[in-house]
Structure formats: structure tokens, C-alpha cells
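Presented sequentially are two complexes of chain A, the first with chain B as partner and the second with chain C.
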Partner chain A sequence: MVLVVLRRLGVFATTVVVASVVTFLMLSILPGNAARIALGVQASEADVAAQATAMGLDRPAIVRYLDWFGNVLIGDFGTSTVSRQAIGPEITDALGITVILVLTSVVLALLFAIPFGILTAVRQRKPDGAILSGISQIGVAVPGFLAGMLLVTIFAVTLRWLPAGGWVDPGEDFGGFIEHLILPAIALGSVQGAVLSRYVRSSVLEVMREDFIRTARAKGLGAGRALFRHGLRNAAVPVMTVLGLQIATLLVGAVVIERVFSIPGLGSLLLDKVALRDLPAVQGIVLVLVVFVLALNFLVDLAFTLIDPRLRSAT
Partner chain B sequence: MTTNAPTLSVTDLRVGSPFDELLHGISFDIAVGERVGLIGESGSGKSLTATSVMGLLPETLAATGTIRLNGVDADLLTAGERRLNSLRGNTMAMVFQEPMTALNPLMRVGAQVAEIMMVHRTERGRRQARERAVELLAQVKLPNPAEAALAFPHQLSGGQRQRVMLAMAMANDPQLLLCDEPTTALDVTVQAEVLKLIGNLVTDRGTALLLITHDIAVVAEVCQRVLVMYQGNIVEDGPVGRVLTAPQHPYTQKLIAASDLSSVDERGRLHTMSMPVIAKPVTATPGTARPRTTASAPSHVQADAAAALLLPPYPAAHQRLEPDGPPVIFNEVAGVPAISVRDLSRQYRRRGGGLFAPAPIVHGLREVSFDVAEGQRFGIVGESGSGKSTLMRILCALDQPSGGTVDVLGQSIDGASERQLRDFRSQVQIVFQDPMGSLDPRMRVRDIVAEPLRNVGRAEALARVEAQLAAVGLDADVMHRHPHQFSGGQRQRISIARALITRPRVLVADEAVSALDVSVRAQVLNLLADLVDEYQLTLVFVSHDLGVIRHLCDTVAVISDGRIVECGPTASVYDRPLHPYTRQLVSATPSMDELARRVAN
Partner chain C sequence: MFASIATVMVASMALVGCSSGSTTAGGKPDTSLTVGLLATPGNLDYTTTAGAAIPQALLYNVYEGLVKLDNDGTIIPLLAESWTVSDDGLVYDFLLHDGVTFSDGSPFTAESVKFSLERVKDNWTANGPAYLDPIASIEAVSDTEARITLSKPSNSWLFNMSGPVGTMFTESGLADLATAPVGTGPYTVSSFKSGDSLVLAANADYWGEAPYMTGVTLRYFTDATAQTNALLSGDINLISGISQFQLVDQFKSNPDFQVLEGASTGEVTLSMNNASDAFSDVRVRQAVMYAIDRQAVMDTANSGFGLLIGSMVPPTDPWYDESLADLYPYDPDQATDLLAEAGVSDLTVAFKIPNLPYAVAGAQVVKDQLAKVGITANVTALEFPAVWLDEVFSKHDYDMSLIMHSEPRDVTAFAAPTYYAGYDSPAVMAKFAEADGADATSYIELMKEATTTMAEEAAADWLYLQPAIALADADLLGVPKNTPSLALDLSTIAR
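Now for the complex of A and B:
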């Protein structure tokens, strides 16, 4: 068990390093010179060259990479070429917001998808099951930003129950924080929830046909009890695979939703920095996003190992 | 017994969907403590009968009639779900076929056994149930029961899992135990042990048994009475000994004749049952068919005489591997053999091990040496994990050996590139076990059969496909259909046609009849035997079933734990096994005569 965790941790660390190399290379390949971007189009060649030396751009790529990644590991993301301030604190603040938003929407999605998916599976042959199934099918088709705008129109503009956008720090005003979190989290989570509920449904249907469910029935467990005691953990395995894959989609969704609700998360920060062509900042944010996805996938992998004993042994 | 009410009484049971009736009003009783076998081929309705009793029919099927259980005042077919839940696992229990999937993979087996007692509150608490579970696991002779209780299903072998299922079923001392093909997925030697265990358990506790199987030998081993099912009807009901030796119904007579691989008709062919519609009877080419062993020959003298008839060009020596003895070259052939294997080894690196420690090595084959002469029918028999499939794959150049040499038809195939093997591929063809999985479901039969042909024009290819299909007993109009439109036996005929279309010199068959029903098995075996004669093939037949090999092959190699432990003329190996493992294997696969003798005692 410990060995398996260590091995997965090793894989995680390796992927992070590879991701950092790819991120670094992609932004190096981009046309345009970081030094010229920092100084503007009017700057003379000599000034640009001097700036490049100051920024260390004349060093070989490998040295620049090691310098950058080494500093990132100790939390130093470098200095913005636009604001001339350290990028690190900005990223950390924005990351905190995005993590809260994404995790809340994952929880909401699961809270919706699991009961809904089980219900549609169990009631498969009944008319209500078909109707519920149809609803989730529609949910899958609605894009997140549209759901967000609808929610804003209904709950913020018409009913005036909740704020239309913005963000309040939980330490500042917890009630306000919750109010500001509800709509974006629902907007982001509802689509994922609908997609997940489809997988929960098919996974539960699959599991209900398994031989060990028949065994449980033959032991005298009722259909519901057999499904609950033996089916759900087994059904969770494929659902979690999908959840892991969806996390990347969720982050892309977060970028859009943060715009819709004007939330100062990592997505908003990324779009701002791209608009400003602040390459060091973009590079740092992209790396953080990638590591975030990898970290969540690592956690999903660990959860797999906890659920399924077949993955625990080292063979 | 007759004064008591029967444990189970089924009257006029009909099961069907709105479109189709599958069980046509069957009736039978099982007396207290009686052991009854229910035998029939796939689709005959055996499993439906058992699931009807348990009340676990699929939602799409409905049942009428009455099913009564001794001491239960309600008809099981109309009883409510709550009532059935209190009976299932308590008054009646069931063991299913697939030990691999019938246990929850995420739950420790001890907990799964304990659960059945918790559900019916037959033990006071969780701890008592767990302790009782360990006792039960000991009763089904699981080694280290306390440790085994903490294992997950994937850590146990198939036989061990089936023991766990039995422990579970017997936990609450049911009146009636239903077993649906409980040993079909197990190796023969394991099957014998599990059957003995079932027999002992129900006899000791006076439990009535309904044992469903397609294998008449299994019934003979455990049961007192047998019901024969055919197309949704019970066609025969009688004591096992009588049904075995003097079957009344024509279907039973044919079933028993077709099950008996040691008995052949006057032309040396197995007894078959009526042919399916599409299949034409195969015309044996007179004169080319060699007489096959009549293995029922009672004495060694006759058996040897039969073997001698088969073997003039191949005086295979009957040899065994001695413990700690030197490696033996089995069936060594003078001149150029069709297949020559020397010191063949295959090791696998198992995934995992420590983080830095090297992966553990698993030995698939160890220093295997043997020859197969041109035209010989060479059987390889072994149980799962013995290495027989690895050997088959290497002989077909589908896998590379870790050491040793393999020459087939004078060509060295170890380490040869796919380009060098092109000729080899057309000379050596394979028929696989699973007639469902080995044919591409999206291809038409003509394309499947024509696929191995190279550099052949379309018209000629079609003509050859047609001729080949005719040779395996299929009409030309099957060419345009897809595999799912055929039965298992027909699909296996298609596989054989595909294998023979390149006119190979060597045919390798991997468990080619194991997935087929008894009656179809006899047909396909007859067909294979005819074709081997007609095309003068060298046959390598890999199987777990000694009976099949005994019928089809003149020479047999017994493989166990990656080594050939014994090899020689089939009749000689069968009648005078030298190696203890072979002896165990032979006694676990009794012939029909032997069965009748055992039942009589």
C-alpha cells in the first residue's frame, strides 16, 4: 500500500517536471521577444538588447529553465514585465479563489449526480426514470457560461436574492462569501453534474447486472440493499475515472465562469496577463493550472487505491 | 422419505416472455436430503428453473405454476419480495457458475460470508458472525481460514472462491442447496475436489441438492437422481445409474452417446446428435480415414493393439520426467520432424515488485523438449496455468521464447522476423477456443475465410472459400452472412475453414471444442478428424480435456507447472499413467464405462 502510494507520488512528481519543461518550451517558442514586449515597440535595438541581458534572456535556454523552475519550487515566480512586481503573491491569491470555486462545484456536481444517476438507473424502466434521464440529457447540452448567465438573470437580476458577481474573502465576511460563491459554483457544477449523472447511471446499470449482485440477492438482501451494500462502491470506480478526466474541463469552465461573474480567480488573472502579454506571469499561471489538474488527478488515483483492493498490491 | 413432504415441489412451471415460452410446464419434487442433478445443453432451461425457485428471474420474464418449499406455507412464485428475502440465503441457498465474478471484488471474503448470517440474524452480532465465517471457511477446507477470511476475492484461486461461495451458501444450514454449473469454470482436478466437498456437505447436513450441469460426469459423481432437460421440458427423470446405463428418452440416449468420447461407431466416428439446419453431413473420404482408438478396450493388450494400428511410423516412447532427473526429449523422432522443440523456456516479468527491487520472474515454460513427427496427432493436455497456452503461442510464433530453439517444418522460428515468417504463417494455422471472440463481428464469412490468402484473385479466392466451406459442412450461401448469425458449432466450422484455406501442413488447435455443447462437440471433433486425414495435416491439439485428446490424438504430452511430465501413445498414457500428476488427471476424467461402474458401487 505504502509502496503503491510512493510510486504514484513518484509518477506525479515526474509529470510535474515534464509539464514544467513543456510549459517553458511553449512560451519560449512563441514569437516575440519578452524584452521588446516589456519596453514597447518604440524602444531601440540597443535598449532591447540591454533589457534582454537584464532579464537574463541571453543565457542558454537550459540555464533559463533551471533558473525559472528552481525559483518556482521555492515559490518565486519571478517579476512581472508589466507591473514590475513579484508574480507569486498574485498567483497564490487567485489560486485560492479558483480552488474554492472548483472544489465547491465538484462537490455540488457529485451531490447532484450520485442520487440523480442512481435514481435514473433504478427507475430505468419506469416513466419517471425516463423523464429524469431526459432532464440530465438536456443538462449535458447546456454550456456552463449560458447556465451562468441564466442563473444571474433569474436569481440576481429578477429575484435579487443573490449578487450578480464579484468576490468576498471568507475571512472578511463569511456570509457574503457564501452568497457570492453560490451562483458561480452552481453554474460551473451543474453541467459537470449532468455529465457525471449520465456516467453514474450507466455505471450503476452495469453493476446491477453483475454476478455478485445476483449473489447478494441470493443471500437474501433486497434489491435496494444489495445495490447499496455491494453495488455503489463498485459503481464508483468508473465514475471516478470520468471525474478525474473532467477536472481539466472544469478548470477551463472556471476560466469562463470567473469572467461571467467577475471573480478574481486564476482564470481571470490568466486572461488579463495574456491581454497584457506579460509572459513570465502567463508562464507561471499555466504551470500552476497544470499542476493543479495533476494534483487533483493524483488524489483521484489515491482514492482508487483506497476503493479497489486489486490496485493495492504492487503487482 | 415418501411419508415426508418433499423439500421442494415444482408443479407445472412455465416461464416466458410475452413473445416466447421458454419452460413448458415442468414438474418435479426433491425429497428431504435428496441429491438431484439437472442436466441439459445450453438454452434448455436449466438455469431458468433454478432462478425461478430462487425468485431471481430477470424482470423481462414471468413465471406461472407453483413452487413449494417444505415448511413454507406460501407459493414461492406469488410470495412477496420480503418473504422471499427471508427465505433466500436462509432456507434455500444458491452457488453460481462464475467464481471469478460471483463475489464482490471490493469486500473481504470473510465479511461476505459473515454478511449472510447478519442479514438473517442467525448470529448475534458482527463479531460472532465473523468468527463463524472463519469456522465455515475451515469446513470447506480452505487452507489458513483465519487468513483467508481477510483476503479479497482476487487473491484466491477459482477453486478457493467456489469454496467461499459454498461456505456462504451453507452458512445458515439451508434445506435446499441449488448449484448452477458450480465446477464448469474449474480445472478437472479442482472440479473433482469441489464436487466431493459439495457431496459431503449436503450429505452431512441432510440438505437437499439441485445440481445443474451440462456434464453427465458431474451428475454421476454427486447425485442420486437425474432430470434431463431438453428445450424447456424435462424429458427424463430417474436414478443416475439407470439413466446412465439404460436411458429411455431418445434425447437422453443421444446425449449420453455424444458425451462418451471413448465410444465410436463402426466407422470410428463419435456418435453425434441431429445436425443443425445449415450444416450438411460431412462425407468421409473412404479409404483415407484411419480407424481411431476404441479406447473402451478393456485390456492393455487391446489398447496397445489399437495404438499400434495408429502408430506405425511413430514409435513414440512412453516416458516420464523423473523428479530431479535430467531433462527428457519427449517423442524424439528420427529424421526431420515437423516440429522440433529443444530446451524451450519462457519467463515473464511480473509487473511490480518493490520500488527499486527487480520485478519477480514467473516461469511459463522450463526446458521443454519434444518432437512432433509429420502427420502425427499430438495432444498437449494440462490445466490452467500449466504453460500449455504459452507453448501453443510460441509454436505459432505469436510469442518469443526466453531460451531454447523451436524449428517448425525445418525453419527456425525463434527470433525470426515477421517477413521471414510469411511462409510459416501460411503453413501453420490455428483454430482458437472462443468461436465468438475469434471471428471479427463486422466481417462477412467470405472475407473472414479468405483473409489468410495472399496474391490470389478475387474470383479464385471466392471459389476456394466456397470449396472450403463445403469441406467443413457449410453451404455456400453462408458466405455473405456475419458471424453473429451462426451457432457456436457453426462458428467453429468457419474458424476451421479459415485455418485450412491456405492448405497448411500443421494445424494447431487451442481448446477448439471446449466452448461447445456436448452434441456439437462430437460433430466438430469428427470433422477435425476427417480433415486431418484428408489434408494429411500434422495436428497439435491443446486442451484441458483428456477425453477429447484421447479421442483425437495418437500421442499425448501432459504438461504441468511449465514442464512436460509425461508423454507417450495416448492409449498407453491413459491406461498406464506413469507420473502421479497424470494419474490424478486420468482419474478426474472418467470414461462413461468407468462412471457407470462408480455409480453402481
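Now for the complex of A and C:
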């Protein structure tokens, strides 16, 4: 078990280093001059060249890379060429917002998917089961940004119940925070909820055909009790796998939803920084995203072994 | 004027506790305002960072200069009470307001004028430090008298003093220009989060008339639909400078909102690289002028909003000539003739545009119209600002582009031979120089002559002037209609 964890950590570290090199190389061939963007159209070419030197853009690529990644390793993400603030805190602030958004949408997705998935599985052969199944199929097909725009049109623009976008810090005004969180979390979670409910359904159907359920039924348990006592825990393993993968998808989906709802999360920060060619900041953000997704996968793997004792002996 | 009415209203409401008009639940007048804007500042230091976003938020609100532009584009006093100019046009004596302090408590005096303006040459890298080149010396005659001597008479420098380069700073307020600006204006910055919001609070010690709005939040959007949705849902009260005009109609029929249409300084320009093989012949450029139906471009790209100008001069400049809009009427036959005369057939041009909605929409119409006279335009949409600035603006690697030039009085910059348009007319440059040193009347005449020559020589096709459209809650008063400068002046807004 310890060896497995160590081996995984080794892979983890190697992936991070490779990702840092790839990110750096890709950004260094990105067209556009950060110095020209900073000084605008009124500045002369000479001023722009001087600015590029001041920003360290004229140093060899290898020197820039080592300087950047060396500092990242000691926890210093450098200073933004645009905001002139430390990049680390900018990233953690934005990451905090994105994590709140993603986790809330995961909770909402699960709250929807588990009962809905079980229901469609149990009512599989009934007409209402088929209708419910159809609804979740539609949910899968609607992209998050479209769901977001529909929600805004209905609940913000027409009914004026909730704000159309923006973000309020929970420490500042908790009520406002919740109000601003509801629509984007639903928009982001709706597709995932629909997708998850499909997995819950098929997973439950599969489990119900297992021998141990038949045994439980033979002992005299009703179908419902057999499912709840023995089935759900087993059905949870494949659902967890999908959920782990989906959180990575949700981080990407959050970029779009943050745009639709004007939320200053990591996705918005990334797009703003790319537009302004704030390369140290972009590198930092991408690296944080990579680490975050890898760490999630790592945790999901660990979680499996907790949910399913059979996997403990297997590893 | 609105501020004074507002002050009276506030006073009377406080006395009788009346709650007419727009009030909060407590019966007090609602003096908070949320404005939705599109371009976010990356930081708050316009001495070293370009772009309209920072001056839009800070100029006249947090920072002030000796003079400002009013909403009609006229230079009026701000920190200077008045000024006199010597007969030779070289010596400007400014009488300064007494008792003005910066928001950090330090006093504003003639020494601040000397300090701020002398700092521009060595410390500013953005927003045109060269605008102050005409200054030879600055002298603090007394605390309230500043004398500025120019090396040659210049009509443009006082105008430029109304922009960012004329801003008054205090030495003790320079520590953190990027996040904590210190100025003499009616507002101070409470908080700033790039990409999200900038919160302004009324400056309690402001030397002038207190603004009606005591708290203003500027909220930044990246999407124009999200911005208008925020107004419709009541999250924000005002949108200044809407950019996607198809979103405007829904507000016109809605009694909860008002639509204000004014003039901006944004000339949407079909630029032709005068130095390229394709467009070095004036007849080919003129052929393009005749080939383009500017009204059709404006209808498609701007839902018909805008003003046909025909030159790089908006109506808020004194040398505006409305007849130039008809200089090149839509006439494809004339275009074909001119191309034949120039011996050009099967012309193919690299049409590199920024990936902005108005440019993408406009370029399609232009492309179709050029095809009708036998010019093939290969449209490439480049990421804006990064790639467009690099490829088109810096490297001049293009034949044709379509972009809005939003700076006030940017026609002189456009005429410079090193500029991306590659227009090279020593006669026009000489005329601009002569105009700058001339007396007030000749100034306007000479400017008119130079800008007319540029239009005649088809230095570019100035398609139309972008309108300044503000969408606001119906109860807002004093919303600035025109945008003659970069600033969004909040001091006049009331309820």
C-alpha cells in the first residue's frame, strides 16, 4: 500500500515537471508581445523594446524557464507583469472561488443524480421510468452555458429573483454569496447531474442482478431494503470513478460558466491573463490546474480503496 | 448642475424625511450606483499601463488635472481656477484652487504641478508622455500660482493636459500606483479586483462640490449579453458605451430604462497599408473608397447605429467637416474604372482584422463589396489585442484591416509615416505642425485642411463613428452622453 502511494507520488511529480515544460514551451511560441500590450499603441518601438527588457522577455528561454520553475518549487509564483501583484495570492483567491463553485455543483449533481438514477432503475420497465430516463437524456444533451443563459433569462432577467451574475465573498455577505452561487452552480451541475444519473441507473441495474442481492432477497429482505443495505455501496464504485473524472471536466466547464456569469474564478483569471500575455501568471495558473486535477485523481483512487475493500487486497 | 440640484434634494429629504423618487427602504435617497463596463483594468497605474480602461475609471473621478474636458469636448478649469496665456503663446500662468488636498492628506500646491509634470518625461511609459514635450520649464511662483513655459506655441498640449498626462500626483502617494491611487478627485478607491470590480467611495474631504453618488461600483464584464442581462435584472444601474448594438432595442421599448445616444471619439477605420504593394497607389485606395457602401457596413456591423464621417474627425472636434462624409459616394463603376486606370487586375489583399464582433461583422460586408469590383480580400481574424498589435500594428504585416481608433484627436498620430497605416505625406505633417503653433482661428482652419487632404488621398476609409450609447435606469440623471475624453465622469450622475 505504501509502495503504491510512493510510486503514484513519483508519477505525480514527473507529470508536474513535464507539464511545466510543455506549458512554458507552448506559451513561449504564442504570438503577441506583452510589452506592446502593456504600453499600447502610443508607444514607440524603442519604448516597447526597453519595456521588454525590463520585463525580462529578452532573456534566453531556458533561463526564463529555470528562473520561473525554480521559484515555483519554493512556492513563489512570481509577480504578474500586468497587475504587478504577487501571482500566488491571485491564483489562490480565484481558485477558492472556482472550487466553491465546482464543489457546490458536484453536491447538487449528486443530490439530483442519486435519487433520480435509483428511481429510473427501479421503475425501469414502467412508463414513468422511461419518461424519467428521457428527461435525463435531454439533460445530458444541453450544454452548461446554454443552461446558464436560460436560467439567467428566466430567474434573473424575467422574474428578477436572483442576480444575473457576479460574485460576493461569503465572509462579506453570506446571503448575497448564496444568491450569486445558485444559478451558476445549477448551470454547471445540471449536465453532470444528468450524466451521473445515467451511471447511477446502469450501476444500480447491474448490482440488482448480482448474486448477493438474490441472496439477500432469499433471506427475506424486500427489494428496497436489499438494494439499500447491500446494493448501493457496490453501485457507488463505478459512480465514484465517473465523478472523479467529472470533477476535472467541471473545472474546464467552470471556465465557460464563469464567463457567462462574470465570476472572477480561475477560468476567468486564466482567460484574462492569456489575453494580456501575462505569461508568468498563465504558467502559474495552468500548473495549478494540472496539480489540482492530478491530486483529485489521486484522491479518487484512494477513496476507492476505502469504499471497496476488495480493491485493498488487489493493490 | 445636477450635483447642485442633488445636494438640495439630499438636504431637503434629510429635513422632512420625505421619500419621493428612488429611495432605499429606510427612506433615504439611494446614493449608490453600480456601473457595468466591458474592459477591465489590469492594474490602476496609467503612467506605465496603456489602454482606455484605467483612465475611464480614474480620470476626473480619482485623479484630476489642471483642466478637464466637459461633455461637449470644451476645455474647462479643474484644479486651475483660471489661466492666462502670453501673447506669444509661450507662457501659461495658472491660478490654482486654494485648500485642495490629496486623499492622503497632503496639500496640492504649485509644487505638485511642477512635481507631477516633470515626472512624466522620465517615469511615464504609457498614455503619451510625449504630449508634454512642448513644455520647456515649470515654475512654482507661489502656492497657488504655477507658470508653465513652452518651447514653442502648441494648441494641442493644453488639450492633452486634460487627459492622463496632465494628472496631478503627490510624492507621498506614489508608493502603490498599481492598486492604491492617491489623487485630488471626488472619489477614492476602496477596493479593486482586476476582472471583477473597482469600488469607489466619495472623498469626504473633496475640495469641490460633493458628488451625489456616495458609493460607486464599477463592475467588469467580458460578455456584452451578460452585461445587459445584469442591467435588466437590476444588478447594475448603468452601462456606459455599449458595444453590441443589437442589444439596445430591447431597452428602447422598456419604460424602466433610458437609452442615451451621444458622440464618441471612436472612428471605425478600414485601414489600408499605404506602404504595401497593394495600396501604395492612391487610385487603388480611392477605388476602395468608391467600392465600399459605408451605410451598409454600419447597418450590418452596428445595427445602423453610428454616424458616417468620411474623415478621422468626430463632431466634437472644432475642425469637423460634415461634407467629407459624401466625398466618396458608393459607386462601384467608378471603382472599377480607377482600378483599370491604375493597371490593377485580380488584386488579392491580406485583410487582417481583430477578432472583435464589429470587425468580424463589418469585414464580411467589406469583403463582399470588394469582390464586386474584382478585389479578393482574404479575411483573417487575429486575437485582439495580442496578435493584432504584434502582426498588424507593430510589424505592418498586412494589406487591409478594420479597427476602431478610440483615442481623442488621434488623426495626427495616424498621419505619422512610421504609423501602421504607412501614410507618408510630408505636406500633411508640415500642416499639422504649423496648425499646432498657430493662433486659435488658423489652428482650426489648418487642421481642417490637413484632415481633408488625408481624406482626399484616401489615407484610410473611415467607415463611421461609433456612437456612445449609454443604457441606464430610467431614474438616473446627469449620465454623460458624449465621450469626448477617455474618462467616465461620475460626478454629474444623480437620481
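To be clear about the criterion, the second predicted complex is superposed on the first by the 238 of 315 C-alpha atoms of A that agree within 3 Å, B and C clash if a C-alpha of one lies under 4 Å from a C-alpha of the other, contacts with A are read in each partner's own complex, and residues count from 1 in each chain.
By our rule, contacts are C-beta pairs under 8 Å (C-beta built on N, C-alpha and C of every residue); 3 or more make two chains touch, one makes a residue touch a chain.
As the structure is a computational prediction, the values presented were derived from the model and not from experiment.
Looking at the shared chain after the overlay, A:D76 reaches neither chain B nor chain C. In the superposed model, A:R233 makes contact with chain B only, not with chain C.
Of the two partner chains, neither chain B nor chain C is touched by A:E179. Of the two partner chains, chain B is the only one touched by A:L221; chain C is not.
By the touch criterion stated above, A:L3 is placed in contact with chain B alone, chain C being left untouched. Of the two partner chains placed by the overlay, only chain C lies in contact with A:R36; chain B stays clear of it. Within the superposed three-chain model, A:F212 lies in touch with chain B and out of touch with chain C [touch as defined at top]. Between chain B and chain C, more residues of chain A are touched by C. Judged by the document's definition of touching, no chain A residue lies at the interface with chain B and also at the interface with chain C. Remark: chain C residues 40, 42-43, 45, 48-51, 125-128, 130, 178-179, 193-196, 219-223, 225-226, 229-230, 232-235, 383, 385-387, 389-391, 393-394, 407, 413, 418 touch chain A in the complex. Considering their complex, residues 54, 56, 59, 81-82, 85-90, 93-94, 96, 98, 101-107, 115-116, 119-120, 152, 154-155, 165, 168, 350-355 of chain B touch chain A. Within the complex formed with chain B, the residues of chain A that make contact are 3, 6-7, 10, 125, 210-212, 214-223, 229-230, 233-234, 307-310, 313-315. Residue ranges of chain A in contact with chain C, taken from their complex: 30-33, 36-45, 47-48, 50-51, 82-85, 149, 152-153, 156-157, 160, 162-167, 259-262, 264, 268-269, 271-272, 275-278.
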